[in-house]
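Report on the structure given below.
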Amino acid sequence: MFDTALTANDLIFLAKGAGMTILVTIISVAIGTVLGILFGVVRVQLGAALAAPLTFVLDIFRSIPLLIQLVLANAFAGMVLKLQMSGLTVACMVLSLYTAAYCAEIVRGGIDAVPATTRRAARSLGMSWGQDMRYIVMPLATRVALPSWIGLALGVMKDSALVYVVQVTELLKSTQILITRLQEPMFLLLLCGAFYFIISLPLARFGGYLEKRWSND
Amino acid sequence: MFDYTFQWKQAMAKLPQMLDGAVVTMEVAVLSMVIGILLAVVLTLLRLSGSRPLAAIATTWVEIARNTPALFQIYMAHFGVASFGIHFSPFVSLLIGITFNNAGYLAENFRGALKAIPETQTRAGRSLGMSQLQAFRYIILPQMLRIAFLPMTNQMVWAILMTSLGVTVGMNTDLYGVTQDLNALTFRTFELFAIAAVIFYVITKIITLGARLLAARLFRY
Amino acid sequence: DKLDDIISSGTLRCAVVLDFPPMGMRDDSNTPIGFDVDYCNDLAAALGVEAEIVETPFPERIPALMSGRVDVGVASTSDTLERAKTVGFSVPYFAFEMAVTSNDEAGITSFEDMKGHTVGAVAGTYEAIALQAQVEAWGEGSFRPYQTQADVFLALSQGQLDATVSTSTVAQANVQSGNFDGISVVGKAPFDTDYVALFAKRDEYGLLNYLNLFVNQQVRTGRYAELYETWVGGELPDLTVGGVYR
Amino acid sequence: MIEIQNVRKSFGQMEVLKGIDLTVAKGEVLTVIGGSGSGKSTLLTCINGLEPIDSGKILVDGTEVHAKSTNLNKLRQKIGIVFQQWNAFPHLTVLENVTLAPRKVLGMSKGEAEAIAEKQLRHVGLGDKLKTFPTRLSGGQQQRMAIARALAMSPDYMLFDEVTSALDPQLVGEVLETLKMLAEEGMTMICVTHEMAFARDVSNRVAYFHKGVMAEIGAPDQIFGAPQEEVTRQFLASVR
Amino acid sequence: MIEIQNVRKSFGQMEVLKGIDLTVAKGEVLTVIGGSGSGKSTLLTCINGLEPIDSGKILVDGTEVHAKSTNLNKLRQKIGIVFQQWNAFPHLTVLENVTLAPRKVLGMSKGEAEAIAEKQLRHVGLGDKLKTFPTRLSGGQQQRMAIARALAMSPDYMLFDEVTSALDPQLVGEVLETLKMLAEEGMTMICVTHEMAFARDVSNRVAYFHKGVMAEIGAPDQIFGAPQEEVTRQFLASVR
């Protein structure tokens, strides 16, 4: 099993795929988080009834397979809107909204976890809504939300394995390409799994650590 | 801009085939949940067993399930293990992949739920003369399942969504597989997948709603 | 129109399937090569632009075109009437015979032997559609579509599939590659010759017209024969059909 | 001066304040007593505009609190309020808790704000806890910190809502001492409390609330010694 | 008869029971009092084998509790125990709480178990709560349910560990009444409690625990009226 036809060239090829996985993840998580915070705050601010349309739309992203979202977005952008978008653009757009949908829930949970009395105290000191948000709610909500957010970011990285359908060659796809040439499925798959594992595990552990630390005070 | 002509009629004619696919999707999801829950209970017990090797096996399972893509797990269940001459049909491969994933995530949820149940509950059971297993079965487990019910519902929804990954291991009888086959024949990509999306959405809504009703019935306390 | 767009943009983006040797594959440095890759390069050269190879799995060829990710498909695409409702095809630029490849342990020596076995092909291809229909007609055995040609041969060599139907060129290339142990080409599949064509958006008449002429020129100039000799070898398939106007 | 004129307020169907009239003069200490749910807390949160009112008027130094044109953030700077539940900002040290509003709302420099904060914290007896996080403080210390935090904005009025009722008995004394000190320094205060001894000793007037109505108001001697209303008598009997 | 012979028990470094000798006769009511952390709860959980001991012996009707050969599940059927809190199984109705062990441990039929459960629940005054979930019960009712649950196993001994100390004052009485009733019926009981009046009125003997040692044991009159030990005197003075 350890004598492999894998060359340095192939490793670079795999690394490129890994780079693509990371790139897609970083872009999507960054945009998705900004949108998610926006949506989450809007939801809390409007209340359940007024925010119902937004809730509905975000819920759709959590109720349809990502694969279908990608295929549909791709088909819609190209066939219906006739936009010339690269696969990477479509992948990042879909994944960003997908991230935002989950992130909005996390943000909402975080904000809800800040006791109303603490916010009242801030407002009664003369702080504006924005100052209350900035100096009181955000730091406190972050403690509640960060561990789940780390979980979400890792989830997005793993889900980014599906963007192959819009012709983005990320880590798993690169692995499949090499399997085609080298015919060493088990070895290559283990290599690929190890890579995901190596990025995920420390971050996941860090999230667990934060959760433990912050839940104590 | 919208000079694309939608052909809904042609696509809608395929609805019966797609609904058949939805049934298969449900089969995979439900089976993977039932087996996944049982395995998760076992994994949880192993992690509590105090035996280091057993706990290590369980922990490895959980960590791999949670830290690699579901697609990877399914691909591995089909092409990976076949390197050792073990062959599973697409249906079974998909089922194994999703079940592996479910069990890992659920075991983690169960562990969290267990932490929330006071130690005195076991004590109360034991002091009534129950064995360790009886105390777990009749006192801890029901409470654990209640606390983990919402995460379990979410996992069920994910299981449904994950069935779409079956195409990578040659599955073509589930909803996604059927849709993809139809797409290959007609190339009405947008219409077909839009219908599939609606079906998926409806299924997940029925499940979350059903779970809510079930919870109201099961957990009257 | 599209033709102008391509020329003015300076790049021609071709959808090519890269796990379909010898039509499309990767060399040791994972660079795309193959008949289709060269064909695309020729077309780009004729247009006076740069070629860009966009890898597309079989099921994603047409969606890639429809979504504007590529300008033309040079992807060994069968010109079926059903598909022509959605995209525009050129005249055929290649023709495939269908061959049966089997795992040596399955004991299959002909197309008919496949009856009752687990067989497979690449989802969304001409041969997959035909084979699935045949399996249903036989009423026994089962059919599995995989996403890529590579997965099909991987499954075949692992023994997950007993046999597959694929284009004979692909079958030969894969068997000769030495990557797959224990499989061999055992016969022809009695399917019609699979004519494959270039494709573009169906309302891009200018571009489609250009493609037709280009295919014609490739044959006339002998470039077709030359590419065939490089990548496939053997008897050159006839791209014309007797007894009817095209 | 705080003027409350015929204020009414409902939550949904339930009318919680049924026409309250009340004036608190500069330098006065008013104690509000009354049963649970009688609307005492609601009145306080209406005074600094945290809750809207349905009708009537509240004027603070002549500014109408609930007028559209009123800048509430500005108004609240002169009305300090401390609540029953400790509402320390748990992510900030004691010093940061107190300096936050002066810096961000009043725009003070860090140095300026810290000087004031230290003064106020020493004032309430927390001079040695500046770098501590509130979770490490006892309940009584947290309440005193909340008082210092409000005082750091140099308010003209202070509202206290049962600041001792969530505390262990042995911690109540230290907080009441702080309130007494403030009263002696001439701060205008409205204190909702269940501590009758405090009400008697410290306040200029005592108001008794009953089911959303101010049933009786008067000097402590009068309310405790010779209540006019039957409901007041009953309430006092029940808490004694 | 429960015989405790020179029992020692440590948690890690800390010795919690430092050689306890004690015998409780059939029909006797023993009350155990003592400061927090003196080892009272630990002793009870050792008696029914929930905790192992380090040395010494505990015999229940002649059976050595911590012997390897002892079937603890069987032994525990004759020793009922009720804890300070978290006793109720929240996912089961009151009736199911009580029938669970008779059915699963004793193998009774559902009907049989329910008959017994209903009798015991009526006995403790919960005859009208059979279908209720414990979360809907007051703390006092929950404790009485826990007592009925233990009684449904027809135990020969009952151990009570501060069963009233997590209750609101007005609920304490009803639970103590239930204990008293049991005592009058002749149940052998060990009650750890802080309720001195109960200890005095109901028990045959009172044991005072101090830092893991049984400092004094005797009739209630003696312990409360003329304690021999200085530590007992101090303790009693502090709780009065």
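Letters A, B, C, D and E name the chains as they come in the text, with residue numbers starting at 1 for each one.
Everything that follows uses one rule, which is that contacts are C-beta pairs under 8 Å (C-beta built on N, C-alpha and C of every residue); 3 or more make two chains touch, one makes a residue touch a chain.
Remember, predicted model here, so these are calculated numbers, not experimental data.
Enquirer: If you walk from chain to touching chain, how few steps can bring you from subunit C to subunit E?
Expert: Tracing touching chains, the least step count from subunit C to subunit E comes to 2.
Enquirer: Any chance you could name the chains that touch subunit B and subunit C both?
Expert: Touching subunit B and subunit C alike, sorted by label: A.
Enquirer: From the C-alpha centres, identify the chain that is farthest from subunit E.
Expert: Result for the farthest chain: C.
Enquirer: Where centres are the averaged C-alpha coordinates, which chain has the largest centre distance to subunit D?
Expert: C
Enquirer: Which pair, A-C or A-B, has more C-beta contacts?
Expert: Result: the pair with more contacts is A-B.
Enquirer: Between subunit A and subunit B, what is the separation of their C-alpha centroids in Å?
Expert: Distance between chain centres: 20 Å.
Enquirer: Hey, how far is the Cα centre of subunit A from the one of subunit D, in Å?
Expert: That gives a centre separation of 46 Å.
Enquirer: Determine the centre-to-centre distance between subunit A and subunit E, using the mean Cα coordinates as centres, and give it in whole Å.
Expert: 54
Enquirer: What whole-number Å value describes the gap between the mean CA coordinates of subunit D and subunit E?
Expert: 47
Enquirer: If I count partner chains per residue in subunit B, which residues reach a count of at least 2?
Expert: Touching at least two other chains: 79, 82-83, 189.
Enquirer: Got the subunit C residues that touch at least 2 other chains?
Expert: Subunit C, residues with two or more chain partners: 63, 66, 151, 154, 158.
Enquirer: Can you list the residues of subunit A that touch 2 or more other chains?
Expert: Each of 71, 75, 79, 82, 179, 185 in subunit A touches at least two other chains.
Enquirer: By the touch definition up top, name every chain pair that qualifies.
Expert: Touching chain pairs, listed by label, come out as A-B, A-C, A-D, B-C, B-E.
Enquirer: Spell out the residues on subunit A that touch subunit B in their complex, using ranges where they run on.
Expert: Checking each residue of subunit A against subunit B gives 60, 62-69, 71-72, 75-76, 79-82, 154, 158-159, 161-162, 172, 179, 185-186, 189-190, 192-193, 196-197, 200-201, 204.
Enquirer: Applying the document's contact rule, which stretches of subunit D touch subunit A when the two form their complex?
Expert: 45, 48, 50, 73-77, 79-81, 83, 85, 87-91, 100-101, 104-105, 133, 135, 146, 149-150, 153
Enquirer: Any idea which subunit B residues touch subunit A in the complex?
Expert: 1-4, 63-64, 66-72, 75-76, 79-80, 82-84, 157, 161-165, 176, 189-190, 193-194, 196-197, 200-201, 204-205
Enquirer: Touching residues of subunit A toward subunit C in the complex: what are they?
Expert: Listed in rising order, the residues are 7, 9-10, 13, 71, 74-75, 77-79, 82-87, 90, 164-167, 169, 176-183, 185.
Enquirer: Taking the touch rule as given, give the residues of subunit A at its contact with subunit D in the complex, in rising order.
Expert: 115, 117-118, 120-128, 131, 135-136, 139-140, 143, 217
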